[in-house]
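Structures incoming, each one as structure tokens.
Both complexes below contain subunit A, partnered by subunit B and then by subunit C.
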Partner chain A sequence: MSGNLLELNQLSKRFPVRKGLFQRVVGHVNAVDGVDLTIGRGEIVGLAGESGSGKSTVARMIVGLLTPTEGTVTFDGEDVSKQLGTLAFKRRVQMVFQNPGSSLNPRRSVADALKVPLRVHGVPSSTWAERIRSLLEMVELPATFAQKYPHELSGGQKQRVAIARALAVQPELIVLDEPTSALDVSVQAKVIELLLRIRDELDLAYLFISHDLSLMRNFSDRVGVMYLGKLAEMGTSDDLFLRPQHPYTQGLLASIPVVSEAEEALKPTQRHLKGEIPSPANVPSGCRFRTRCPHAFDACREVAPTFHELSATHASRCHLHDPALAGSAEPTKA
Partner chain B sequence: MSLTTPRADRLRAVRRAWYRFRRNPAAVVGLAMVLLVFVVAIFAPLVAPFPEHVGGFVDFRNRHQPPSWTHPFGTDNAGRDILSRVIFGYRISLTLVVFVLGLAVPFGVLLGLLAGYYGGWVETVIMRLTDVFLAIPALVMALAITAALSPTLLNSMIALALLWWNWHTRLIYTTVASLKHEEYVEAAKVAGASDFHILFRELLPNCVSVISVKTTLDAGFVILIGAGLSFLGLGAQPPTPDLGTMVSSGANYLPEYWWGSIFPGLAILFTILGFNLLGDGLRDLLDVEVN
Partner chain C sequence: MPDDAPLLSVRDLRVSFRTFDGQADVLQGVNLDVPRGTRVGLVGESGCGKSVTMKTIMGTLATPPARVTHGQIMFDGQDLLTMPAARRNRLKGTDMSMVFQDPTTSLNPVFRVGHQMEDIVRWSDRRRGIQRNHKARKARVLEVLEMVRLADGERIYDAFPIQLSGGMRQRIIIGMALLNEPRLLIADEPGTALDVTTQDEILRLMDDLVREEGLSLLMITHNLGVVRQMTDHVYVMYAGSVVEDSPTAELFDNPSHPYTKALLACVPKLDGTATYEGIGGSLPDYTDPPAGCRFHPRCPHATDRCLTRPPAFTVRPGHTAACWLHEPEAHA
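Our next item is the complex of A and B:
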């Protein structure tokens, strides 16, 4: 895995909390707090976590919709932290949004939507018609769709158009922010198939943001689980889903609804997560997961855990992996 | 499903919209009234029975004639045909509407787009400015402006335009402030689109329905306030056949020669009613379209 396409290094986003008549800054929300992540060429990396975990904020920083407070972003070996919003960088990284209903302008046709990136990035207008046709073909839509308006399309068709728009500038990385969560299950499967096919054809990398863990299991090569702005566990899809080590990952997996007893048997023997994710404005001391962790012990209150390498591909941020600290606390079983 | 051509699709959409519009009788009546006023005003010299009565024409033998077949609206204190003068009066009213809204709407919409999209100090400056203008009653302000300048039609048009933009600014500001968080705006940003593109290609088309409804409803009020100004002697000066001026000069001879005020007054009512019915109809129509 030499030569990563994208490397996030201690990426953080702090939002100021303003209050009162003069909008005084009274505190900060650490939406993303020191995230390290790599994506290789052609790789699909998933980011999972509950709402409020900061996974969308990571996505929005990468595409330049938000400016990181700290940390660096390296793209293709080059530090691009200062160029996140620039045209040159936008040509290489694109995004597909969550809600196909609102990611297309209701007043503009499919062709209009696809022309925006072509015009901005200086593609000669004589070739637009041909490009639009081939983009629509790539997402398996007939060329006649170019003249249609969003209200004439189904959710799945809209999302295909949104994918075509992201592909228009021939990017190397596409950030997929819950691209299928607003779609029917049957449509979901087709969009995922399409995304996999396009990845193989164009050798794209995806950063896939989702709270749908079963989808993530099938789609992603590697998966990171985020909790309150920090990565809790990171590993290959198999590492995470077959051998989850962090109590939070175990809890998340236990809460996936299943259809058969055979599947039920595969799930970790772990109680469901209790309670709600705390507010990122008021992060618990020590380990930020301790308020909901079934294994929490004294050290968790005082010391923030660091990543423990469990294998070459698998790391988990939990004191249970530290024999010196865990002491009497029994290690968790997968 | 996609057996039809895009052109046929669009034609069908237009026909569907027209069908929905036609099912609202009030809106159809409003459209007919507005069209009638426009046609009559444009072809005034052909439509008016006595086009020569419009200027400084005087015929004292025929002054204060009651309504008859020759003079359906009667004659005024100088013996001029009131119907002819009402028809020419519509020209003034419509010029006023086009001039005032033609200046105020684009300006107000532009400021609303900027305030809504950029927020921050741009929003603070623009929106506080609209508050200042909203705090002053429109008619009082128009009186002050026309009195400070000189009472001519042009000055009253300028005064009204100065008072009108802020309503559109507020309307577009609230619309844009909610639209700018739509994913299609963010998608355009991610694609690298300029602010100009986002403001005028992504946001403005989504404001067109509110702007057109508001502008249609405004047309009636502009005519009303314009007539109010000229009633007070601050608009078009005699012998120009302005509806407000006619109501005012006819009022001197009430109640005996009632037709001198009543018919120009009814003519004002007719246009305002037309624009309002049409505006309400458009609003119903476009709300359906948007949802």
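Our next item is the complex of A and C:
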């Protein structure tokens, strides 16, 4: 596809596991294992999955904080795999982290925090003051906030500053790793509204990572569900939340805490996921989800499932979608 | 003491802090009951006073700067605020326990799990004035590890926290709170993100324990979904007082205080119909709070009436809302 802003192709990250006095490498953690993902211009793509499934590792590779072990990253049609950490690429892709407190230097005023990216990216200093004013306006903070220090700001205000800082260099993609998990729902609502407005105004794309699946359902255009470093299911928000096909997605959705009976009725009736996510240093054979899957059958132990295209937008990595293999197995209930 | 009296009953609790900007009147007359064997939730936004309430109950609030200016905290028929310090300390270490669901602050990374848990047993024994040897203490630890459904107790006893998954660490923290066989468990949930499956699993475990061990639970959180799933009765707190309280199902079916409604409206819904309006304005400054109903500057229904503080009006049996909209005459 040519229209994509970002394309991940078989992106992988392997971390060595070291042990003992001499820190010998005794194994590897396949934190991310062959992820294919696209993000269009102006699109919001969500990544869901349990803790340790590799979401942040994907994010950190995209912004150049980690070097991929394998695979390629294409940005705006150009292979940027070798430039991920470079200044030129960093200008186009920015990141906002979960903890608004720790991502700001306590001894730096808001204006100083915003000057850092401007200086690093060689924006002429004569324009800084004007730029800072318009950035604050963009994130709906009064101009007087330029002189404030982090301890004078609320959590939501700090997150706005972090967003302003990400916007300073006019990126095309912002990676949002749990941007609102530390915020109250009322503050979260306003930050999300801000992010949506900026997206519309600047035609930005977001990669959005969160454990709040109800928020993800509302905020994301498309969603990928990761399990042990691999995407298990990918589709539009409607595909995933109205018609989840992978048993893992169904299990995840069944665990969402909701606030009304109407929402309760939207959750899959499937039993809750049992057991723990296995160690990524020791991934099960065949389908990596089989050890927790309520539908697992013989083939799941032997053959790793590939993605089955269920529609133009929806794909799921499960043998149940393969009539030849799943013939005798019970079908999934959506 | 009649058995139908609540295990914990907080009455008109007021707490102030001395700050640089003057006196901050944070708790403004909190009323809250935890009946025996029930699960009670306390919800509200960051800064509304949940932790101050909880710390006052546990007696861990630093005084000064804090000062309890008024109120009672009845535990099993005795007022915690007036009893001798020694007795209160004993109660704190034996009959009530806190769960901070934050593994990073509750578990020390440099000591083995078993070592940390045995320390707690030793402390709790000392408070009770009993003494057990290492073997008996270890037996108690293993018993509790089994209670929190950690199968491989011996291995976990010898493990360092880092060698365990997030879910296992959460279980250990709950286990630590059970070591002293408390009757009241207070869980203060942090804002950190647990994944939905781990959260679900931990909530189920707590639920089972409350039932099996006959515990009473006071759960403090700002996650309304968790409260709905986990509790029998909910208290909604805003700026230092309870604005609405109700049986849980009834609260979610029929939220009555404008603040509760606004808060519920902020929760993204699974049906994809989220609106992102939030609640206009912010929590008041406790050194200079608004007169009357502290929510009135942010309330779409505010009138002059609201400059006088509303009492808790009964909306339905067992369900009250501190809002003039629910004054009985107003309906007549």
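The working rule: the second predicted complex is superposed on the first by the 332 of 334 C-alpha atoms of A that agree within 3 Å, B and C clash if a C-alpha of one lies under 4 Å from a C-alpha of the other, contacts with A are read in each partner's own complex, and residues count from 1 in each chain.
The rule is short, and it goes like this: contacts are C-beta pairs under 8 Å (C-beta built on N, C-alpha and C of every residue); 3 or more make two chains touch, one makes a residue touch a chain.
On a predicted model such as this, the values are computed, not experimentally measured, just so you know.
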| item | value |
| --- | --- |
| Combined model on subunit A: subunit C and subunit B, fit or clash | fit |
| Computed vertex angle (subunit A) for partners subunit B and subunit C, CA, steps of 10° | 70 |
| First, second, both or neither for A:Gly64, with subunit B first and subunit C second | first |
| Subunit B versus subunit C as contact partner of A:Leu273, first or second or both or neither | second |
| Partner chain(s) touched by A:Ser126 [first = subunit B, second = subunit C, both, neither] | neither |
| Touching partner for A:His211 - first (subunit B), second (subunit C), both, neither | second |
| Touching partner for A:Asn282 - first (subunit B), second (subunit C), both, neither | neither |
| Which of subunit B and subunit C A:Gly251 touches, first, second, both or neither | second |
| First, second, both or neither for A:Gln98, with subunit B first and subunit C second | both |
| More subunit A residues in contact - subunit B or subunit C | C |
| Subunit B and subunit C, minimum CA distance [Å, superposed model] | 8 |
| Subunit A positions touched by subunit B in one structure and by subunit C in the second | 98 |
| Partner subunit B, residues of subunit A touching it in the complex | 63-65, 87, 90-91, 94-95, 97-99, 102-108, 112-113, 116-117, 120-121, 142, 144-145, 147-148, 152, 162, 165, 168-169 |
| In the complex, subunit A residues that touch subunit C | 49-52, 98, 154-155, 178, 181-190, 192-193, 196, 210-215, 217-219, 237-238, 241, 251-252, 255-260, 262-263, 266-267, 272-273, 276-277 |
| Complex interface listing, subunit C residues touching subunit A | 45-46, 165-168, 191-201, 203-204, 222-226, 228-229, 252, 262-264, 266-279, 282 |
| Contact set on subunit B toward subunit A in their complex | 2, 6, 9, 182-184, 186-194, 197, 201-202, 205-206, 208, 290 |
